[in-house]
Each structure stands twice: as C-alpha cells, then as structure tokens.
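As written, the chains take the letters A, B and C, and residue 1 is the first residue of each chain.
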Amino acid sequence: MTALLDVRDLHKHFGALAAVAGVSVAVAEREVVGVIGSNGAGKTTFVNMVTGYLPPSRGTITFRGRDITGRPPRQVTGLGIARSFQVPQVFASASVLDNLLVAIGIAEEGRLPIWTPLRRRQRVARALATLESYGIAGYASQPASLLPQGVRKLLDIAMATVRGPELLLLDEPTSGISVGEKFAIMDTIMAALRAQRTTVLFIEHDMEIVDRYAERVIAFADGVIIADGPPQAVIDDPEVRRLVVGERVKVAE
Amino acid sequence: MTTTVAILVDGAVYASWLFLVALGLTLTFGVMKILNIAHGSFYAIGAYAAASAVGAYVQAGLSPAGGYLVMAGAAAIAGVVVGYGLERGLLRFMYGRDAVLVLLVTYAVFLILDDVMLLIWGANPYIAYQPDMLLGTSTVFTLPYPNYDLSLIAVAAVIGSGLWWALSRTRRGKMLLTVIHDREMSTFLGIDVAKVFTVTFTLGAVLGALGGALTAPIISVQPGIGAEVIVLAFAVVVIGGMGSIVGAAVGSLAAGFAHAAAVHLFPQAELFVIYALMSLVLIVRPQGLFGQAQPRKI
Amino acid sequence: MSRDRTLPGLAVATLVLLGVAAAAPGWMVFTLVVSLAQGLVVLGLMVLWRAGLMSFGQSLYYAVGGYTVGLINIQFGLSNALLLVLAAPAVAGLLAFLLGFLLARYRDIFFSMLTLAFAMILYGVLVKSSTLGSTDGFSILTPSFLGPHPGPDATQRLLTGLAALIALLAAALVHRYLKSTAGHLATAIRDNEIRVEYLGYSVHRAIHVKYVLAGILAGAGGAIVAMAIGHIDPEMAYWTTAGEFVFVAILAGAGSVAAPFLGAILFVVLRTYAAQYTPHLWHMVLGGTLLLFIVFLPDGVWSLFERACRPLKRRAPS
C-alpha cells in the first residue's frame, strides 16, 4: 500500500537554527495522526512546509505519489491538502456565512470566478449545511471579528474542509479553547471529518485530546521525530515523557 | 571624454540635489512610517521663503555673503512653523490609521498648501539668482560649472552624514530606530514617542524646506514646483529603500547619474529615466536596495 | 437580505441622463459628458480600493485612452465614436494586463507609488514626443457617428448619450462582478491574503483582474473626454490628474457602482462653483474637502445617500 503523504528527510534551516532537521514520515489513507512536541520542536514548521508556506531547505514531500515539494499553498490546496491554523485565519470583516461562501465559491469555480453571484441559492444552502455540521450555523450573520475563539476555530476548520480535502492538517485545534469546551469541539470536528472520510494529522499539546482522538502519535523534539506509534505507547515512552509530555500528564491524572 | 566628465559632474550635482530633497522624506518614513506627499509643499515653501528673503536682503543692500545665512534661516523658520503646526494640528490624530489613508491626508495637505502659497506669494515667478552668481564658475576638464552647483555636493554630504551619524552612531539614535514602533518598549526605555514624532516630522519639514531654499537660486520659483519634486523624491526613496538614509544616498546617486546619462546620451528619456529605474529596482528587489522585507508570520 | 435595486436604479438614471443629453443647455451637456468620463475612471478605482489598493496612476490609462483616439485619428483617419470608444479601452486593458503581472505583487503605499511611477513614465515620454505635439498635445477629430455629420451641438449630445450608455453598461457589469466570488475577494484580500491562498485561489490573479478592469474603464474615460474636449495633452498622464481621480473616489465612496458617477458629477459642480466664487482657492477647496471626508465621512457621499434611503425602505413594506 502506498502512503497518502510521504515525507522524506525534510529539513528547514532559519540561518543557523535548524527548525526541522531530517523528518521522514508516511501517513496512510484515513489515518488520524496526532503530533506532539514542546514549543519550538518544529511541528508548525513541518505543517508549513507540507502545505507550501515555507520551502524546505532539503528533502521531498510526496502526496499520492506526486512530488509536491516547494509548491505554493494554493496549488497544494488544489491537490487535496488543507490545513487549519493555530491562530484562526478568517476574513474578519465579513460575516461567518460570507467567509464560508468565499471558500465554497473558490472551490466550485474556476480561474476566473467573475460572473456567477457569490450568494447563489444552492451555495448558501450548502454553506449553511456545513456551518450546521460544525454546530455554528447560529453565528451565520455575525462578522467573524466578533466571534468567540472556539467558534472562530471551527469556522477556520470548516473553511479548510469545503474542498473535501483528502488530507487535513490541524494546527492545535483546541488551543485557546476552555477546558470545558474542548472535548465538545473536538467531537464536532472529528464527526464532521469522519463523515467526509478525511485523513487527519493534528498538532496538539493536550495529551488527553491526543489519547482520545489519535490512532497514531508522532512526537517531535528539536526538529526530529523521537517516537512514532500507538498513542499510549508514545505518551509512555520515557524519552517522550522527558522531552515532551513532562508535567502535563500528572495534571491530567 | 567630455561627455563622460559632463555625465559624472552633472550626475553628482543632480544626485546631491535629489538627496537633499529626499532626505526629509525618508527620515519621516523611517521613523513614523508616513509617506508624506506634503513634503513637496515643504520644498516649495522653502524655495519661496528663501527667494523672497534673499530678494529683500539684496534690496536692503547688505553684505552679499550674508545672503546664504538669510536663505537658510528663512527656510528653517518656514519649515519649523509648517512642520510643527501640521504635526500637532493634524497628523497626530491620524497615527495608527491605514497607511494609504494617511497618504491621502498628506495629499490633502499638499493641495491646501498649494493655494496657501499662491495666496502669500502670488502666481508670478520669484527669481533669486544672486547667491548663485556670487560664487562664480570653475572649469572642470574644459567644462564650466557654477561653483554654487558644485558646492551642493559638499552641502549634501555634510547634512547627510550628520544625520546618518546622529541616527546610527549615537546611542540614542540607535535606540530610537530599534524601538520606535514598539510603544511599550519605547516607554520602558524612557522614549517619549509623541515627542519623537513631533521632532522628526518638524526636522523632515526643515530638511524639505532647506532643499527648496538651496534650489531657489538656480530655478525660477513658481507654482507647481512642489508637484514636480515630490514624485522625484518618492522615486529616489523607493529606489534606495524607504526609511534608509544610506538608501536615499545610493538612490540619489543612481537616479542622478541615470538622469545625467540620459540628458547627454538619450535626451528622449530625460523625464522618465528615474521612474524607469525605480520600476526596475522594484521588479528585482521590491523593498528597494537598502530596505528590509517583512514576512508575515502565521 | 434586502432586494438589490441597483440595476433598476441605474436604468432610470440612464434615462434621465439621456434626457439631459437630448434637451439640456449645451454647458450642462458638456459638464455631464466630462463627469461620465471621470466616473468611469473612478469606477475602476473603486474596484481596486475595495481591495485596499489605491492607484495614484490611473492617469496612465486615462492618457492611453485619449492618445489611442488621437493616434487612430492620425494614422487611419478614423473618427467613428463607437469604434474609438471600443479601441481605447482595449489598448488600455492590454497595457494594464502587461503591467498587472508586476503590480499585482505590491500592496499599500508601494502599489500607489509604483502606479504613480508608471504614469510619470508615460508623461515623460509624451512630453518628449514632438510627433505627438510634446507639451501642447494635439487636436482630436470631431467624432463621427453612423451617417452624415450632424453639426457640433448634435455631435456633443450624441457623444454624451453614448457615454451614458457606456456608463450604464460598465456600471451593470461591474455590479455583477462585485457580487461574484472574485468581487467578494476584495474584502477577503484586505482581511487575509494567506487565507485566500490556502483556499486555493491566487491573490495575484485576483488583483490582476481588478487592475485590468480599472485600466479598461480608465481607457474608456480617457477616450470619451478626448472626444468631448477635442484635444489631448500630456497633462492627462500627470500624477495630479490621477490625484483628482483619487479625490473623487474618496468623495464618492465605494458603496455602490453608482457612487463614482454621483461623485464625479459633484466634483464637476464643485469645480464650477469654486471657479466662480474662489478662483484662486480651488486646490484648497479640494484638499479641505478631502480632509473632511477622510475624517468625518470615510464612506463617502454614497453613505449619506444610503442613510437617507434606508428609512424609506423600511417604511415601504408596512
């Protein structure tokens, strides 16, 4: 079986600093992978390179057997890889509905979407249905700048999924969300993604979330992968405990 | 040979003039991030102030050598009055607003000052040739050059290096440039940002007015000179990298020699060669030769 | 969502304008045709301004439009208004398409400055081109229409009618564009370019399209004004001409495709009165008005118009 995403020997240097120093990983179709690692371990840089925001200093990224190394985000997006952001990237002055409509409009139309009205009826229905599946349809007419953090995160993810990506990279989907809400929000996200049969790779600091939703966990430290396997095995790994999990597990227990 | 010498000397003179005119503009942008169209008005006001002051001084029959001081003094006073008044009275209310809107505000000021000058000095040209005449001419490789033009090179070098030294070689200047855009940090280090902005803008206006004053003896001072100069100054500043004094110097030299070369070798290009150069630089290096690119973090 | 009344509104306005073109006194017809030409340029500026981009160099395409008319006059001896008013925007659009590859990379004041530089390059070229009359420019042939020459007054009226129809067409098409996905990308680009790229669309292409649109409209405006005045000169390309367009764009506001035309008419009226009462203070009036608008009415006169209309709409259904 060939992997959906195959990353080989990926490096990223910022001057003398190696943010990612030789990462090789393969993700199979329909897998749900959690990525853990302390701040500065290279997780977001890894996602930035896979989605084309940063060109790698060395290494290759293959998606569905096709080399996508160094392609810009819009091409990577077009090929079926989407991502969400640690800080939600939404159109702040537009309404939630318009945010999603723009995403759908771009996905549905070609290179010059200059004629069909954005707010055509079927499209609005589709947008509302998507918002419904993320449980935020009630906010449809609110400007995105006024949303609570959790809703903004969901909108960010909803916008990333309108193309029906095969691979979705989530950068800390629960950061900035209160402890009380985070499981409900992750349930919503995962249910929506399962319905679309999306392969998911998510970065997460919260070990409870990782343990509960990931089928496989990859641990980053200092720009390399130090453990890769089933969640509990990785979280219990002494090296991972020392470098990544640290005190957190005690809090969780 | 003669053409080469002419291009070199003309280029150096023109570059010095461009530098004097662009220096205030790049200073204001470097510290305040304001691109100031009204800088063209400061230039024109300086030229008018100097021309009328020199005219009055010559009429009074005083020692001609003092005319240079009168010229500079009149421009400095005009620059302080207009610059300080504008910053305190209008611009300080615009800080933090969209850069393009602030650009439009300075455009509005430019338009208003156009007519203020018309009210004060009328539409007839002012000519104050005495400071130019007084210095005589020298011969550079068989070509006669007014000493006044040649001395512009020295004046530009002195003013430019003085400002550069103050900003990048003194402790206070360095600190200023590093932290000025971080209000919290500035307050922490005891820098009064509001005061720095006022002083910077006023200094920028004085430099603009001085540029105009120094030009006054070699042109006829009339309505419209500000509009001409401001776009040239913009181009120079963009070529060098906005906000950089060294950049303004290099930009002036590049633009000055390109202009002189065009005048002597390809006169059809005289009027647009500088803008063509600017476009070329932007294509190759969008932030200008000495500017810094700022990538966005996600 | 309230019903969109833009298109019926435009149709009614065009009928009124056609009436003015047919029956109003000559000076008023002239004022109108100049306003319409300017409105077309500003309509293009509005498309850019919605994405946060302000061109300080639309005078480039305005002049290209005017000089295209002049050159076709000279080279081919053609003076058919319909042909000229199609050819000029085509040439301007082609130039905008080429320069757009470069300009789409720039934002903020850098976009403003680079557009200005291109306009100044054309100005420099025109001033030094003795075959094109240098600073004096040259005269445009009286525009002809299908059929025999109808005399100067009727010509001006026909040209004004044509301008009104072109304005209607342009406004309707731009209106459609603004409601499309690409139109909505204006806000999206201003808010967050990275998100647009990650949705799979090229921000450069979106801006490029807007820039070409603006160029085409400015070319049309330049052609109309050249035929209406009967003369072109390099001043059309000078940056202060572009500054006037910027002024009208701010005065008008970006709320509707009708706003630029309203703004242009107001501008011409303002200029007429200023010339009458304060002949030496025209720039001061301009600058003062611009300041007042930026500070107190950033959405332009159109926002006043909308505010005045809203209570009416609310009352209507009850």
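Quick note on the criterion: a residue touches a chain if its C-beta (ideal position, glycine included) is under 8 Å from a C-beta of that chain, and two chains touch if they have at least 3 such contacts.
Everything numeric here is computed off the predicted structure, so don't read it as measured data.
**Student:** Taking each chain's centre as the average of its Cα atoms, which chain lies closest to the overall Cα centroid?
**Tutor:** C
**Student:** Counting only C-beta pairs in contact, which chains form the busiest pair?
**Tutor:** Maximum number of inter-chain contact pairs occurs for B-C.
**Student:** Taking each chain's centre as the mean of its C-alpha atoms, which one ends up farthest from the centre of subunit A?
**Tutor:** B
**Student:** Give, as an integer number of Å, the spacing between the C-alpha centres of subunit C and subunit A.
**Tutor:** 44
**Student:** Averaging over Cα atoms per chain, report the distance between subunit A and subunit B in Å.
**Tutor:** For subunit A versus subunit B, the centre distance works out to 50 Å.
**Student:** Can you give the whole-Å distance between the Cα centres of subunit B and subunit C?
**Tutor:** Each chain reduced to its C-alpha mean, subunit B and subunit C end up 33 Å apart.
**Student:** For subunit C, which residues are shared contacts with two or more other chains?
**Tutor:** 194
**Student:** Would you mind listing the residues of subunit A that make contact with two or more other chains?
**Tutor:** Expected reply: 53, 89.
**Student:** Which positions in subunit B touch two or more other chains at once?
**Tutor:** Residues 298 of subunit B each touch two or more of the other chains.
**Student:** Taking the complex as given, what residues does subunit C use to touch subunit B?
**Tutor:** 52, 54, 102, 105-106, 108-110, 112-114, 116-118, 120-125, 127-129, 194, 238-240, 243, 246, 250, 280-284, 286-288, 290-291, 294-295, 298
**Student:** Tell me, which parts of subunit B touch subunit C in their complex?
**Tutor:** It is residues 35, 90, 93, 98-101, 103-105, 107-116, 118-119, 227, 231, 234-235, 238, 267-273, 275-276, 278-279, 282-283, 286, 296, 298 of subunit B that touch subunit C.
**Student:** Okay, in this complex, where on subunit A does subunit C touch?
**Tutor:** Where subunit A meets subunit C, its residues are 51, 53, 72-74, 77-78, 82-83, 89-94, 98, 101-103, 105-107, 109, 111-119, 159-160, 162-163.
**Student:** Okay, in this complex, where on subunit C does subunit A touch?
**Tutor:** 1, 176-177, 179-185, 187-188, 190-192, 194-202, 205, 209
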